[in-house]
Amino acid sequence: MSVTTDILTVDRLRAYYQMNYFGIEREVRAVEDVTMRVKANEVYGIAGESSSGKTSLIKVLAAAIRPPLRVLEGSVTYRFNGNPLDITRAAEEEIEAVRWRHLSYIMQGSMSVLNPVRRIGRIFEDFAFRPMGLKRDAFRAAVEAHLARLHLEPGVMNSYPHELSGGMRQRVTIALATVCRPEFIIADEPTTALDVVVQKDVLAMIREVQQALGSSVVFVTHDMAVHASIADRLAIVYAGRIVEEAPTRTIFTAARHPYTRHLVASLPRIGDTSPKPSLEGRPPSLAEPPPGCRFHPRCPIAIERCRKEVPILEEWPGEHRVACFRAHEAIPAGEILHLKRGSLQ
Amino acid sequence: MRKLMTLLASLLVASLAIGGIARGQEEAAAPPLNEFPREETLIINNPEPPAINPGMFNMWVAGNGAAWSNGLHQLVLDTLWFIDPDAGLDGALYNQLAKERWQYNEDFTEMTVRLREGILWSDGEEFTADDVVFTVETQMKTPGMVWSAPFSQYVESVKAVDDHTVHFTLKQPNSRFHSIFSVRWNGAWIMPEHIFSKVEDVTAYDFNPPVGLGPYTLHSYDPNGYWYIWQKREDWDKTALAEWGEPGPKYVIYRSIPSTDTRLIEMVNGNLDMIHDLTPEGMFSLVKQSPTSRGWFPGFPFAHPDPTLPMVIFNHQNEKFQDKRVRWALALMLDARAISMASYRGAATLSAIAVPPTGTHPKDYHAPLQDWLVNYELDTGKQKIKPYDPTIGLQIADMVRPQFGDQVPTDEEAIRTAFGYGWWKQDIQAATELLESAGFTKQGNQWMMPNGEPFAFKLTTFSEGVINRMGTMIAQQWSQQGIQVTAEADPEIYRSTLPLGTYEAATAWSVETWGGDPDLSFFLDSWHSQYVAEPGKRQPHRNWQRWKNPNLDKIIEEVRKTEFTDPRNLELGHEFVKLMVDEMPVIPVMSFNVFSAYDTRYWTGFPTAEERPYANIVTNWANSKYILTQLKPTKQ
Amino acid sequence: MFSVFRDLIRYNMEFAVGVVLVGAIVLFSLLSFISPVDPTAIYTTIPDMPPSAEYWFGTNSRGQDLFWHLTFAFRNTLFFGLSVALLSRVISIAVGLAAGYLGGWTDRVLMFVNDIFVALPTFPILVLFYFVLRSDLDMFKLALIMACFGWPYDARLIRSVALGLKHREFTRHAVFAGMSPVKIMFEEHLPYVMPIVFATAMANMIWSIGLEVTLAVLGFTNINIPTVGTALYWANNHSAMVVGVWWWIVIPVVLIVLTFLGLFLLAVSMNEYIDPRSRLRRMGA
Amino acid sequence: MSTYLVFALKRFLQFLAVVFTGVSASFFIAHLSPISPVETIIGRVSGQSAFSPEAVESLRQTLTELFGLNVPLHEQYFNFLRRFLVGDLGPSLLAFPTPAMKLVGLALPWTVGLLTLSTILTWLVGNILGGLAGYYQNSRLLKAFGIVAIGVQPIPYYIVAFLMVIIFGFLWPVLPVSGGFAMNVRPSWSPEFVGSILLHGILPAASLVIVGLGTWFLGMRALVSNIVTEDYVTYAELAGVRRERIVSSYVIRNAMVPQLTALAMSLGGIFSGTIITEQVFSYPGLGTLLVRAVNAGDSAVVLAVSCVAVIAVATAILLIDLIHPLLDPRIRVE
C-alpha cells in the first residue's frame, strides 16, 4: 500500500439537517463545502468546539446519514483495495459490505455504546463474527489475541459492560473497532470522559494499534492537547466549515487562522500563569449562520470584507490550507487577544 | 428461546387450569356425552345467580349455599299442599302429598293430615307418614335448619297414626299451621327419612344426588353452578304430580343467566324456553324480535303480576309521618299515571288498596270494593272530596296505545285486569288543604312542618329495576310540590334498612299474599302490634312501617281464630282494606310485575293470562312444576 | 407563553386537534352550569327519542335529554378523573422521590407500604366504602379513596428514576451547596420526573374512570350522581343495547374516547415541544 | 452467591411482612362490612314462607352462634390468624360449613386459566406489535394501529365485552356467549371438553385482549422508540450488525426488563378475577364469587379471595425482586 494514496477523498461536501419543525421548514447547515483527504496510514485530527458541525461531518464520513441529515452536494469517496466507493451515492448493501471490515467507528461515550445487558464476548460476536469470516474457535482465539494486544484479559469476554472500569471499557470499544483490522477508523472523542492518566494510555494504544494495522484514523476531539499528541495532520472546523488544515506541528507553531491561533493560545503550558484568553460570544447558530466568514462576529481582526465574502480554503506551502482574508498578514497571537479586547464595545 | 419458554409456561398453566376444572367435578367417572334433543328438553332460566355451592342439595339447612330454584324445589321435592298464586288447574288449592285438606280440631290445637298412598321416592322407597314425622322432628331438634324455628315454636308433638296419617299436637291454637306445608313459592319440603336417618350430621350432609318425591331426578350439573339438568323419572306416575298429567319434557335444564340482555339473546337464539324476568324495555323488544315469544298477557303490559304490592312505606316511628292527613296529602300529590309510565313504561297493574291486584284478588277484593272506593269521601279540613279515580287504568291504556297499537287491550274488563281498577286522582288542592289543616305552611315553593323546619326526607329505594324507577319518580313528584324528597338507592334495603328502621320513607313492600286465596294471613299476622320493635331494634318481617293500630290488632286476632277456608276471612280482609284506606299507613301503588317470558318454538301449553291462567309463569316458583304437565312438544 | 401557545396551534396539527377536542369536552361539561334541566329528574321529555335537531344526543329511556344529562356526567367524570390523577400524583411524587433520594430505612419502609398497597385487592375495599357511605359517597370522596390505590406503581417508577438522579453530578453539587433534601427533591429532581408524571397521569385517568364505570355498572356507586359510569348503568338497566337505544351508550363512549384522544394528542405534542428530540426521532429511522 | 442468598432471604422476610399486613388489613376490611350474613340468610329463608317473628329471632341466634359472630372482633382476628397459619380460612358463611377455600378452589382454575392465557397473549401480541411500531416508526400500518390503540384504550371494558356479546351472540350468533363449557360435555380430559372450554373462552379472552392490547402496545412502543436512540443501537447499526440481531438482542432485550416486570405484576393481579368479564359472559370465576360474597356479607369468602390475591401479588413482587438482578445485570444485589 503506497503511503501517498488517499484512502478518503471528501469533495465539496454539503450536508444539512432539513426538518419540518412544528410546521416550519428549518435547515441546519451543519457541513458546508468541506473538501479534505485522508491518506493511508495517517491520523487525521478534526478539532472544533461543540456544535461546530464536526459530529455531523463524522456521521457523514461514517455513512450514518439518516434523516433529517441529508447530503445536498459533494461526495465522500473511500478507496478500499483500490475500489472507489462514494458512500453518498452507494447502495446500502455496498456500504454494509465495507462496514467494520474496512471502515469502523469508535463512538463517543464508552458507557453507552455497549449494550448493557449483553456480555462483551457476545458483542464481539455480533459486531465482528460475520466480517471476519472465521470459524467459531478461530474467531475466539483471534479476539482474545487482539484483546491481549490492548492489555485486556480474555476474561472480559464474560463480563457485562458495567462491570468494567471506564478505561477498560474504552479499550474494549477500541478493540471492538479494530478487531477486524479495518483500513479506516473513525474515532469520535474516544478519550473525552476519561481521566488524564487513562487518557494517555488509551491514546498510546490507539496509536499502537493504528501503526500495527497500518490503518488510517480520523480522530475527532475538541481537546487540542490530545490532537497534539496523536494527530499527523489536523483540520480545524468552525461552524460547519474547515477553516484551516495543516500537519499538526504547523498548526501549533505557524497557524494562520485567527480561530486556530486562539485555540492554540488557550492551551495551558507549564509555567505559564497568565490568564487564558476566552473567546467572546458563542459559536453561531448553524440554522442562521452569519453571512461572509462565519467567524467574523467573534473575530478580533475581522474587516469589512469578512462580513460579506466567504473566504475560500487557500493552499499554502507545506500541506497547509487556510480560509482567511487576513492570513497573509503577520499578526502575533498576543495581539489577537489585545485587538479583541479593543473591539469589544 | 425465551419466547418458547413463555409459550411452554402458558401452556402448562392452561393445562393445569383445565386439569383443575376437570378435577372440580366430584363424580369423576367420565360419563358419556349426551345430547339433549330440543323436542325432549325444556330450558328454563333460573333467576338466581350461579349456585355458590353447586354440589349442595340439602336445602333444609339454612345458609349452606344450596340452590333452591335451580329445579330442586320445582321438580324434585314435594310437600303436602300447594296454593297457587293464580287460578290453578283445578282451583288454586292443590292437595299434593296430602290426600285431602288439613283437619283441625275445634280450638286449632291439633291437625291431622291424610297422606296419598302409592307414592315412591325416586330411589324406589315408599313415601310414608314416617317421612313427615322425621322431617318435623329432625328440624325441631336441629336448630339452624330452615323450618326448625317455626316447628319448634308451634309443634308440641307429631305422630304417625298409621302409614298414611300424621297427627300434630300444637303448643297453642293456630288456625294457619298448615301454611308451613303449603307451597306458595316454597314451603316445608318433606325429607326422605330413609336417607337422612342414616346421616350422622344432617347439617353437614350434601344430599347429592338428591332423592325426591317429584317426577324428575338429577341428571348432571355444572360444577360452577350455572346450570342443572334434570331427567324425568321412569316411574313418574308414582309421584303426586301424576294426578295432573305426565310432564312433557324428558329433560329440564335450569340455567343461571345473570345478565337480562343475555337471557333475551338466548331466547331469540332458541336456547331458552322460559325467562324469569326482563327489563320492561327488554320485554317489548323480545316480542318484537321473536314472534314465538310472549309474556303473561298476550299483548301490553305482558308482565305477570306477582302477589306482592310495591308501595310507599312510611316509618311510623318517625315523627314526620304521625299524622294521617300528612300521609293522605302525600298520596294525593302523586300522579299514578306518571309513576306507571316511569316505572313500567305503563305496564303496571295499579292498586289503590293494600291487596295486590293479582291472582284471585281482583275478584275477591278489587271488584267488590270498587263502588266503596268510588264513593269514598275524604275530609280535607275545608271540603269533602271523593279522591278515587276508577278511570286511571283506562287513561294509561290510552297513553301507551300510540306506541303499542293493538297489543293494548280495548275491552274495559281486560284493561282493568291488566292496568288495575283505579287509583287516587292527583289532587294538589286537596293535598294542600290537608297539609295546612295538619299545621304545615308553605313558604314559596317549600312546605314547612309545624315545628318550622322544612318538610324534607329521604326516600329509600331499590338500587335497580322498576322499583328504583318508581321511587325516583315519586320523590320527584313530591319535590315538585315543595317537599324536598331525595331518592336514595339502597341495595341493602331488605336486609338492613327496613328491618332496622333506618329510613324515613321507602319504596318496597310489606304486603305479600297467597295470590290464589283471599286469606291475608301470609303477611297480616306479622303486622300485629305485639311484634312492633322499639326504635333502633330490629323489626321482624314484614311490618316494616312499624305501624300499630288497635283495630288492626282486632282483625288479626279474629283471623287467627278463623279457619283458612272460612268465608269470614274475606270479610275480615275487606275490613282490613278499608282500615288501610282510612289510615293510609302505607301508600299501595301496584303489583310487582315480573316480565317473565316464554317461547313456543319447541313447547306449547304454557299458561296464559287471557285463557288458561292455571299457573304462575315466574320460573323460580315451585308451583311452576304444574306447567310441565301441560306442555307438549311443537312439531318443528 | 401565549405566543408559544399560538405557534403550537398554528404549526402543530396534533396540538391543534388536541386543544379542540379537549376544549370542546371541557366546554361541553361546563355547559352543565347553564343547563335548563335537572339531571336527576326523570320523565321530563319523551323517552327513547333518537338524536335529532331538537334533542342533539337524543333522549334516554328515563325521559332525560341526553345532551344536558351528559354535560353533568362529563363534568363529574372529568372532575373525578382529574382529582384522582392529581391526588395520586402528589402521593407518588412524594413517596417516589423520598424513597429514591433518601434511601435506606426510609426507602425500605416506604416501599414496604407501597407493596402492601399494591397487594391489597382494590375492588372489595371500594365496594365496602360504598356500603358504608352509601349516598354520602360523592365524587370527591370516591376520588380520594381511589387516589389511595392509584399511586404505588407510579411511585415505584419515580423512585427508580430518582435512584439514578441521586448519583448524578448536579445532585452532588446541590448537596455541597448545602441544599436541604426536600429542596433537592423538589427543586432539582422533580423536573426530571415530570415527564413520567404526565405520562402516568393519563394512564391513571383511564384507570380511575374505568374503575368508576365498573363500579357503577355493578351498582356500587351512588347511582343518583350523573357520571359516565352511571349513564352506562342506567342504559344497561333499560337494556338499551338490545332494545336499540344505541345512542345512550354510543354517545358517551364516543365522547370519552374523544376526550382521551385529545388528551393524548396534547401530551404528545407538549412532549415534543419540551423535548424536540422525539420529533427528530420520529422523522428518523 | 452468598450475597444473593442474603438478599433473597431479606426479600423473603419482606414478602412475609407484606403478606401478614395485607392479610390482616383484608380481615378488618372484610369484617367492617355493614352487611350481616345472618340477615342475608334469614331474608332468604323467611321470605320463602310464613315465618313468625319469634321463629326468625330464634334462627338469628342459632346462626350467629354457628358462624362464631358472637365473639368480639379481636378474638375473631386471632382465631383467624391461628387458622390462617395452617392454611384454613374457615367455613364460608354463604355455604356453611363448606370451607371458603373450597369455593375459591372451584372458581380459581377458570379465572387463572382465562386470565393467564389472555394476559400472556395480550402481552406477546402487544409487545411484538409495539416493538415493531417503535422500531419501524414510519410504518403506516403500525401508525394506524397506534391510533386505534389510543382510541380503544379509554373505552370502558364493560362496553367492549358487551359489544362482543351483541355482535357474536346476537347480530351474528356464531360463538357461545355464556358459560365455561357446553352443557352436553362433561369435565374430563376429552378433546370435546377441552374444545368446548376453548370455544367458550374465545369471546371473554378476545374482549380482554382487545382492551389490554393497547396498553402494552403503547408502553412497548414508547420504550422501544427510546431505546432505538440509545448509542449502543446506533453503534450496532453502524457496525453493520444484522438487523434481526439488533431488534432481538439490543432493542427487545433491553425493553424486556420493564415489560417482564409489568407482566409479572399483571399475572399477580389476576387472582381477584375479572368481575365484568364473568358478569357479562356468565363465565365462572373468582370475580362473581367475590361480588356475591361482598353482597351477602360472607366475610370468610371475601377474606379467602383477598388472601389469595394478596399472596399472589406479594409473590409476584418477590419474584420480580429476585429475578430482576438476573434480567438486568446492572442491578446490583444489595
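A, B, C and D are the chain letters, set down in written order, and residue numbers restart from 1 in every chain.
Following the convention adopted for this analysis, contacts are C-beta pairs under 8 Å (C-beta built on N, C-alpha and C of every residue); 3 or more make two chains touch, one makes a residue touch a chain.
Keep in mind that this is a model prediction, so the values were computed, not measured.
J.: State the pair with the higher C-beta contact count; candidates are B-C and C-D.
T.: C-D
J.: Going by the average position of its CA atoms, which chain sits the greatest distance from subunit A?
T.: Checked the centroid distances; the maximum from subunit A is B.
J.: Using mean CA coordinates as chain centres, what's the subunit B-subunit C distance in Å?
T.: 44
J.: Using mean CA coordinates as chain centres, what's the gap between subunit A and subunit B in Å?
T.: 90
J.: What whole-number Å value describes the gap between the mean CA coordinates of subunit C and subunit D?
T.: 23
J.: Could you state the distance in Å from the CA-based centre of subunit A to that of subunit D?
T.: 55
J.: Going through subunit A residue by residue, note those that touch at least 2 other chains and give them in order.
T.: none
J.: For subunit B, jot down the residues that touch at least 2 other chains.
T.: In subunit B, 261, 265, 491-492 touch at least two other chains.
J.: Name the residues of subunit D that each touch 2 or more other chains.
T.: Residues 34-35, 162, 166, 170, 279 of subunit D each touch two or more of the other chains.
J.: Mind pulling up the subunit B residues that touch subunit C in the complex?
T.: 260-261, 264-265, 278-279, 281-282, 284-285, 338, 341-342, 345, 458, 463-465, 468-469, 472-473, 476, 486-492
J.: Which residues of subunit C touch subunit B in their complex?
T.: Touch residues, subunit C against subunit B: 40-43, 47, 61-63, 131, 134-135, 219, 222-224, 236-245.
J.: Using the touch definition up top, name the residues of subunit D that touch subunit A in the complex.
T.: Residue list for subunit D touching subunit A: 230-232, 234-242, 245, 249-250, 253-254, 257, 327-330.
J.: So in the complex, which bits of subunit D are touching subunit C?
T.: Within the complex, subunit D touches subunit C at residues 14, 17-19, 21-22, 25-26, 29-30, 32-35, 135-138, 150-151, 153-159, 162, 166, 170, 215, 222, 225, 228-229, 265, 272, 275-276, 279, 290-291, 294, 302, 305-306, 309-310, 313-314, 317.
J.: Under the definition above, what is the set of subunit A residues touching subunit D in their complex?
T.: 62-64, 96, 99-100, 104-105, 107-109, 112-118, 122, 126-127, 130-131, 160, 162-163, 176
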